[in-house]
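So that you can tell them apart, the chains are marked A, B, C, D, E and F in the order they are listed, and the count of residues begins at 1 in each.
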Amino acid sequence: MPLIHVEMFAGRTREQKRELAQALTETCVRVTGCAPEVVTILFQDVDKQDWAVAGEVMADKFPD
Amino acid sequence: MPLIHVEMFAGRTREQKRELAQALTETCVRVTGCAPEVVTILFQDVDKQDWAVAGEVMADKFPD
Amino acid sequence: MPLIHVEMFAGRTREQKRELAQALTETCVRVTGCAPEVVTILFQDVDKQDWAVAGEVMADKFPD
Amino acid sequence: MPLIHVEMFAGRTREQKRELAQALTETCVRVTGCAPEVVTILFQDVDKQDWAVAGEVMADKFPD
Amino acid sequence: MPLIHVEMFAGRTREQKRELAQALTETCVRVTGCAPEVVTILFQDVDKQDWAVAGEVMADKFPD
Amino acid sequence: MPLIHVEMFAGRTREQKRELAQALTETCVRVTGCAPEVVTILFQDVDKQDWAVAGEVMADKFPD
């Protein structure tokens, strides 16, 4: 019954998320033996201004 | 002291969220006996492109 | 497609959670018009030692 | 920079989580092209008493 | 290894988030003795229409 | 109105969480100018078996 939240930098294409959703689901099914229908995945885009590591906002470290 | 996060497909109106916030709060108060003031609800709109079930992105399954 | 996370102080009985799950689901169905099958609710017990308001841990404010 | 939270029924073995962490990370790296070092995964066990679908607590639907 | 999610009303400036990320990280390092590199902070703006307390949406209580 | 979730390795003492709650709240108040009463912090202990980076479970990398 995996419920998966994926937070990533904004900018992934619709196609990348589609592929990622499919691949992550297949991985869950293969490893845990669950049915694909019980795997739910939610993606959340996070702006680089809203993500900080070691006190440094990623928009400052990796400017576009 | 319920703290509630509600993730839903984007598209609910402001009025629907207002009604849902009120109704969910009343439900918590009635069932748990808590005071309404301690019920906090946060809504989060999720795009159908960001929600996948069984490896299929909901924007593909339910196109607008 | 509401996905609901409820964080509450630990101590609710199994029966209270059962009643709350049912009531919250009915509320979602009534207000949003969704099918009950698409409402998922996850409860998470939070110890009073792990919940702070205004900088004060709730286990100190409300000792058992 | 994927940050992944996986909520699942309690009961997976340590070995299953180890394998799942490795496989989900490899999947992210393969699909998004990110470095493995930036993939963080957190597992959270959820008791069947705390997971409800369609208003029914899963501990009632799937008793052990 | 603190991983911190901060949900706040939308409207903070980029500079405020930068300062907050730095200050929260320093606080974690000082109190827990961890290295700054292991502190990750994610900010999430929440619209006042999506935040309710006591059943009242904050956009109604605090109109702009 | 900051709502803060802190996920950390299990093992912090009650006193450390108390101090961290107070310090994080003061930091929020100082940087954002909000009232302390609107700062809520929830701590969540995460077992090293449930935290993976680069596909490696932290319980393997940092055994007790």
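By our rule, a contact is a pair of C-beta atoms (placed from the backbone, for glycine too) under 8 Å apart; a residue touches a chain by one contact, two chains touch by 3 or more.
Fair warning: this is a prediction, and the values are worked out from it, not measured in the lab.
Enquirer: Could you run down the chains that neighbour chain B and chain C together?
Expert: Common contact partners of chain B and chain C, which must touch each of the two, are A, F.
Enquirer: Taking each chain's centre as the mean of its Cα atoms, which chain lies farthest from chain C?
Expert: Farthest from chain C by mean C-alpha position: A.
Enquirer: Which option, B-C, C-F or E-F, should count as the same interface as D-F once over half of the contact pairs match?
Expert: Of the listed pairs B-C, C-F or E-F, the one copying the D-F interface is C-F.
Enquirer: Which pair wins on C-beta contacts, A-C or A-E?
Expert: More C-beta contacts join the chains of A-E.
Enquirer: Over half of the interface residue numbers used by both chain B and chain E, so same, or under half, so different?
Expert: Looking at both copies, the contact residues mostly diverge.
Enquirer: Going by C-alpha centroids, which chain is farthest from chain E? Tell me that one.
Expert: D
Enquirer: Need the CA-centroid distance for the pair chain D / chain E, whole Å please.
Expert: 25
Enquirer: Taking each chain's centre as the mean position of its Cα atoms, how many Å separate chain C from chain E?
Expert: Here chain C and chain E have centroids separated by 22 Å.
Enquirer: At least two other chains touched by the same residue of chain A: list those residues.
Expert: Those would be 3, 7, 24, 40, 42, 51.
Enquirer: How would one label the connectivity among the chains shown: line, ring, star, complete, or other?
Expert: Basically it's none of the tidy shapes, so other.
Enquirer: With touch defined as at the top, which chains are paired up in contact here?
Expert: A-B, A-C, A-D, A-E, B-C, B-E, B-F, C-D, C-F, D-E, D-F, E-F
Enquirer: Contact residues on chain A for chain E in the complex?
Expert: For this pair, the touching residues of chain A are 7, 46, 49-57, 59-60.
Enquirer: If you look only at chain E, which of its residues touch chain D in the complex?
Expert: Interface residues on chain E, with respect to chain D: 3, 40, 42.
Enquirer: Chain B touches which residues of chain A in the complex?
Expert: Where chain A meets chain B, its residues are 14, 17-18, 21-22, 24-26, 36-37, 39-45.
Enquirer: Mind pulling up the chain F residues that touch chain E in the complex?
Expert: These residues of chain F touch chain E: 1-9, 12, 16, 19-20, 23-24, 27-28, 30-32, 46, 51, 58.
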